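Letters A, B, C, D and E mark the chains as written, and numbering starts fresh at 1 in each.
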Amino acid sequence: MEALVELERVKKHFVIRDGILGRRRRFVHAVDDVSLSIVRGETFGIVGESGSGKTTIARIIPRLVNVTSGSVKFSGIDICRASGRELMLARRRMGIVFQDPASSLNPRVTVAASIQRPLQLAGLPAKEARDRVREVAELVNLGTEVLDKFPHELSGGQQQRASIARAIVLRPEFVILDEPTSALDVSVQAQVLNLLLDLQQRFSLTYLFISHNLPVVRYLCDRIAVMYLGKLVELASTGVLYREPLHPYSLALLMAAPPPDPKMRNRRRFILTGDPPSLTNPPQGCRLHPRCQFAVERCRVEEPELRDYGSGHLAACHRIGDLDLGFAM
Amino acid sequence: MLNYVLKRLAVGVLVIISASIVLFSIMQLMPGDPIRMVADPRLPPHRIEELKRAWGLDKPAYVQYLYWMKNLLRGDMGTSIATGQPVGYLIASRLPYTLLLAGTAMVVRYLIGVPLGLIAALRQGTKLDRLLVMATTMLMMIPGYWFAILLMMVFAIKLRWLPISGFQGPASLVLPLMTMVLPGIGGTLRVTRSEVLDTAREPFVLTAHAKGLSARAVQVYHILRNALIPVTVSFFLNLPWLISGSVIIENVFAWPGMGRLVWGAIQSQDLPVVQGVFVMITALTVVCNIVGDIVAGLLDPRIRVEIEEARE
Amino acid sequence: MAAKLLEVSGLEVQFDTSSGPVRAVRGVSFDIAEGEVLALVGESGCGKSTTALSILRLVPRPGEITGGRIVFDGVNLLDLDECSMTQYRGKQISMIFQNPLVALNPVYRSGFQVQEAVMLDKVPPDRAWRAALNVLKQVRLPDPEDRARSYPHELSGGMRQRVMIGMMISRFPRLLIADEPTTALDVTIQAQILDLLDDLRHEKRMSLLIITHDLGVVADIADRVGVMYAGALVETGDVTEVFEKPLHPYTQLLLKALPRGPKNELRLESIPGGVPNLSNLPPGCPFHPRCQRRLDICSKVEPETLEIHPGRTVRCHLVGGESFWKR
Amino acid sequence: MSRKRTYLKAAKNGMFITGTVLFLTVLLVAVFADRIAPHKYDEMNIEKAFIPPGRAYLFGTDEFGRCLFSRIIYGSRIALKIGLMVVAIQISVGVSVGLLAGYFGGKLDMILSFITDLTWAMPPVVLSLAIVTVLGPSLERVVVSTALVSWPGCARMVRSKTQSIKNMPFVEAARALGESDLSIIVRYILPNTLGIVIVLTTLQLPGAILSTTGLSFLGLGSQPPSPDWGLILSEGVNYVSKAPWISIFPGLALIYTAVGFNLMGEGLRDILDPRT
Amino acid sequence: AKQDPNKKKLVFAIANDIETLDVQQMYTGYTPHTLLFTPLISLGLSNDNAYPYLAESVEIAADGMSITLVFADDLKFSNGKNCSGQDVLKAIERYRQISPYASDWEEVKEVKAEGQKLTIYFKEPTAYFLPVLSSMYSGIVDVQEAEKLGKEGFGQKPVGIGPYVLKQWVQGSHLVFEKNPYYKDHLPFVKNHGPWAFDEVTVRIIPDNFTRISELEAGNVDVTQVPVEFLDRVKSNSELKVISSVGQGETYLALNTEKAPFSSRDFRLALNYAINKDEIKSAWMGSVEPIYGLVSPSQLAYSEETEKELRSKMKYDLQRARTILAELGCKDTDGDGYLEKDGKKLSFTLLGTSAQKVPLTVIQNQLKAVGIEVKIQEQAASYVRQAVQDRNYDMALRSWSWPDPDIWYYSFHSSMGKDSIWNSPELDKLLEEQRKIVDPKARAAKWGEISRKIAEDVPFIPLYYSYNYTAVRSNIEGYQVSVSGAIYWNDAVKK
């Protein structure tokens, strides 16, 4: 198995400046010491609550933001130290699709122009570029009549397909999908998910799929990383994670989304109490402890480390072993 | 909060100093010199040189500026070259009139403009709304001098209800006030109207209705209360503007305000006076801005948090 | 079965926009019994919120209720004048909204916003404040004393939603409408809120009309469900029945479009095309362009609502008539 | 919002239509001034001074016996020129400052914002009086000085708009594609601030015309025998009791044009507002 | 019967804000200064001789080498303090130290005070000195008080000798004066030598013409200057009386003689013939009078003959202008209506102040008729002066006013450096000579010579002198007016 993307001890701290002349600084530990690797050909999922640092990871890989520390490698290239040209070439091998389809495309140019722009930047002749655009549009099921429209004249599903088209028009190996379906209706979401699967098969793409919709992640991903307040708390292959989650937070996530089946209504529940604390001032020890019903004194003081519990199943919790969180899902 | 204000004031002082440097440089670029501006042709060249030396105008510009600054810090704004009177005294004797006129004008403008804006917003789309907007737009666009003369002819000369010019008690205030207020109403009306309309579209208004408040209560406690925040802030942002913007009106109504003072001073290149007034108005702007921010903070807790956080 | 608390029949709502009238709600009929939870599901823009707002007669301009009846406890709300309608809002029927950040007035303390509601029942301020604190405790707001003195923006999303719920149940309404109460919240918080709503409903014996596009939420909390498509209610029925044996092709497809396991186990059924534009509906059944089983008639005549048995209706040419029984 | 809807809204917006009609008439008059005006604007005839409006001279004549109607017709060219020039400068400075400050943030933003605040805090009238007095009176200088003191509003608005746009996914996507900063500003951000810029332009135009008129009034603007409305007005006020028409007609022309632009701007704002 | 209190009040309105009230520091004086300070002597109602004013008697030595002033024994400052000849001398010394116009006294060798007698000795006979003594700038200040209050303080609370003292000064608005009980003057042609008949005099500052005239018509102002545009209106009002007077001085068109084509006398002559001064007069509603020489009628040393002679020689002659221009080789080669000389279009800037809009525009139009393009640039007067000094101009309108033509000395004499717009040894000589001629007739003749010399070289073009109009309410009677417009209010009463 070849790792396409490797994050090693990546930290990203945002500085919030305020006060006169930005004298006072506060830090947001958006990503705090995260290591993971994405294997070529797989779909790697990241789930976690809002603000847990998922998008930040997505932005770190193409270096849309610089890391504070740690290293990021993309197919062997050290992204953090890459020169402008290297970085550009590396970026051309990636594609990005964002959550909000309505604002993912430049509202002032036609869909065709948006999709064509990467080709233009890569220096493709105009005619060839136009052909490629038509080709890609077909791939993502966008009719040619749609191409000459402006983004706001499109439905959400069409917009999202257009931004997928733009992301894959340079035939990247790796596509980052930051909640690509969460703004879409269920019926359209299915279209997009199917499209993503098709594309992956045809072009043997590697996906980084970010979402907080557990069923979708489960459906699409091979491996899943669970994040909480900037920390990676658990990492496992999908089947393993669903069968035997190790971290209480993973369990809470899995249980939180009610399954679309009235018969499951009286299933066992596991509900986290309280709200996620502030990122500028995260709790000491295990970051989950104020909300975790299993927390003991140790959780309050000592920060748990991420440990391997066999066959690449990583988790960071002091109480693994004491507890049996295994539920059949 | 106090800390925040102090810091804002510090930046304000920086703004004031920079502004005075900008103006000083502009005035330095003027051809000729203040002595020639005011003197007869009877003044022979050697005498002009002597006078320039006496006023320190022969020194390099930066020396003149530093000298001016030094005196300013001592509370001395210098002496007017054209009139031989202390600048501080000149400004002090004009400022009350200007503040009286501009301040009252602002208050009256908002007292009229805000309710009208509210009416227009509540009656959005009706004839009344359109009439109000159109009429105030027209008022906004009337050239100032014209308007002043028109009002004077009607109310002072034909009807003899009001004094023509000068300051002889509250009645004298009416005409200059009208000239200043009427064109401004349009702006206030629009700000209020659009703020009220915007607020009325906010989801929390729906919440207020849903919890059973009467229509009037929603209008007053939820729409007006929130819409008035930006309106109030605009009051403070507009205030200094009004103070500097009334040369024509002061001329027509022989109003002893700062506009005329500074206009005359610019014409005669009376640098100390121009600088003095300029610094005065800039300072007033800075202060008004800060006051506006503080008031906004008092009215809107979301802003207050930023202010308070900035303080730690 | 308990008495009907709310009966909506033939509700029509229209928005007069610059690009012509939009029929946002078209002949919607449903009812809610005392203590019952009805869920309305459907995709974005299909008229769920508009239906809910109609019940409170709060459809925003340029919208207008153009037909139908909304009978609450025997009174047709559409016949009331604005003043008497205010008596119903908050007291009999109240409503919570999707995004609690914007649904609370940012300039008032959260406690005051609850207190303000309580005071409408002629309760003096201090007692109202205590009542408000009490309510906030009931909605499980941590530190209610403290939180009541906070401004909305100082609270987290979940807390705000709880304040909102508190405000709306403070006058013990008999019907609570919840318009996507959890969409803006994180899943872990969503679970807390759903739990809370469920508890409240049992404690207070409220009826609940919950609006959502999440079938999971429906399955979790509703007794009965109504599925909306393009302004019309295409199917209603008992939750289990609808989920197990959906009659309308749209409902069927919707259920199949949900991912329920890993990709290699089953492929999602996707519904081709998108939701139609309400100002420009296709003739006949609005779903027919996306329906794989459409008949000729589907593109010509809009189907009538058919009652299969009490509490179970469907609006499709495939159901009822000859074609249904032939299958 | 589709284009068609925008047109529809425009067609239904009374303010916009009225404003446009007023503006178009001014534009037409300006373009065809030589055909419409019965006389040259500087044609003097001292024996015919102070003829009141009537059949021979529609708007009467001034102190030099010049045809006021012709002068006002020709003056429309100047009014439009003033307005467009002021706004062009003001908008280009404002937009550039706003874009740079908003996009790059950090130190550059701090410096640019300080300059903006500084310009904002200085009394505009005093400043442009001083500038024009320094440079000597001329229309161009009045225009430039008015523009130079009035850009901060635009800069602030564009800055905040830029700040909100630069975090939009489509800009992020553009960066991921390797677009340069300049290209992002020009291709992605600038076009999307155009809406407010257009509205701002039409709303500021009348103000620009009026404030230059104010300076003309103080003797700092166009030089005789220019048919600048501000100049005619300021000359005319000397004769306000003897020949009031000299100052009334340019005043009316000014109001007409200013109201036209204003209504157009307000209308545009409504039309481009997605909420209505 | 009680008297109407209004009858005991007089209200002036002036257009300009006033500066310091210390006449020795001011650059320009206005009505308030005349109330507070009385000139030492008067030039009389027809500007013909030196009469006593503040001084009890005035005597000019036959050789013109000295002037002797005698003051009354009971001369008192407005604060009641006695004023001796020594005090007057002190005031003069202060003037020579701090006044911008101290150079007026440059030709004075010595000033001696002896009791109430003051004698001024000159280095040479000094004909031009009388206007200095007769102007309000020569008002006497209490030097002791001035030293006590300081420069600025004294400017606000002056102590001098005038019919009134300052009671209240509202900056930018108005000044109120009350009677000076100690006041006494010695004008020979008035009956009342004390303060005037008004208990209170107010001077209001009303910059806008329309407003000022409206206040006058409404009866709130008794006396004010009338701009010519309002003359018809004021004249038709039976409650008002208009006094017209002749301005002392003239407006002329300065030409940059150091620059082609103005360096050519013929070109300048052509310009002279192209300008129709009568048209300026009619365009300006008759408020100005064409002038061809250097001395205007209300000035000392005016001569009618010289003026007549020059008029016939220099009068407007379009044909002649065209001929000269043609001879100079100016021709419209490209058919744009303007002439070219040596391939260069004749296009010039014309500087002037905004108050001179009418003559500027008329000249522009007249020169257009001969094919010369003129671009008007309105500037403040001092800029015009500076531009002319720096020779950074083509044409400029300049004007000045002073009772004596000696003011030209400052424009011509070579010792004035760059201020001298035109000079030659002969002209220098003539100018120096006229200063020493005490006999009015002889001096007028000398000025005729100077005027003719200028008309020959045409270094500039004299244009006009203006009329000044002052409106006084008709119910005020008894005042006397000099040709130059000075009003003596000593005997005035309000009916």
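Definition applied: a contact is a pair of C-beta atoms (placed from the backbone, for glycine too) under 8 Å apart; a residue touches a chain by one contact, two chains touch by 3 or more.
Every value quoted in this text rests on a predicted model; they were computed, and no experiment measured them.
**Student:** Would you mind telling me which chain pair, D-E or A-C, is linked by more contacting C-beta pairs?
**Tutor:** Looking at D-E and A-C side by side, A-C shows more C-beta contacts.
**Student:** As a test of understanding: of all chains, whose mean C-alpha position lies farthest from that of chain A?
**Tutor:** Centroid comparison gives E as the farthest chain from chain A.
**Student:** At what distance in angstrom does the C-alpha mean of chain D lie from that of chain C?
**Tutor:** Distance between chain centres: 51 Å.
**Student:** Using mean CA coordinates as chain centres, what's the gap between chain C and chain E in Å?
**Tutor:** 90
**Student:** Scan chain E for residues touching two or more other chains and write them down.
**Tutor:** Residues 210, 380, 383.
**Student:** Taking each residue of chain D in turn, which ones touch at least two of the other chains?
**Tutor:** 2, 133, 237, 240 - these are the residues of chain D that touch more than one other chain.
**Student:** Among the residues of chain C, pick out those that touch two or more other chains and give their numbers.
**Tutor:** none
**Student:** Which positions of chain A touch chain C when the two form their complex?
**Tutor:** It comes out as residues 49-50, 155-158, 185-191, 193-194, 197, 212, 214-216, 218-220, 238-239, 252-253, 255-265, 269, 271-276.
**Student:** If we count contacts the way the header does, which residues on chain C are in touch with chain B in the complex?
**Tutor:** Answer in residue numbers: 53, 56, 58, 60, 82-83, 86-91, 94-95, 97, 99, 102-107, 116-117, 120, 151, 153-154, 164, 167-168, 171.
**Student:** Which of the residues in chain A end up touching chain D in this complex?
**Tutor:** Going by the criterion above, the answer is residues 21-22, 59, 62, 64, 88, 91-92, 94, 96, 98-100, 103-109, 114, 117-118, 121, 150, 152-153, 163, 166-167.
**Student:** Touching residues of chain E toward chain D in the complex: what are they?
**Tutor:** Within the complex, chain E touches chain D at residues 209-210, 213, 227, 229-230, 232-233, 279, 282-283, 354, 357-358, 360-362, 364-365, 375-380, 383.
**Student:** Help me check something: in the complex, which residues belonging to chain B touch chain E?
**Tutor:** 31-32, 35-47, 51, 79-80, 82-86, 89-90, 93-94, 97, 149, 152, 156-157, 160, 163-167, 251-254, 256-257, 260-261, 264, 267-269
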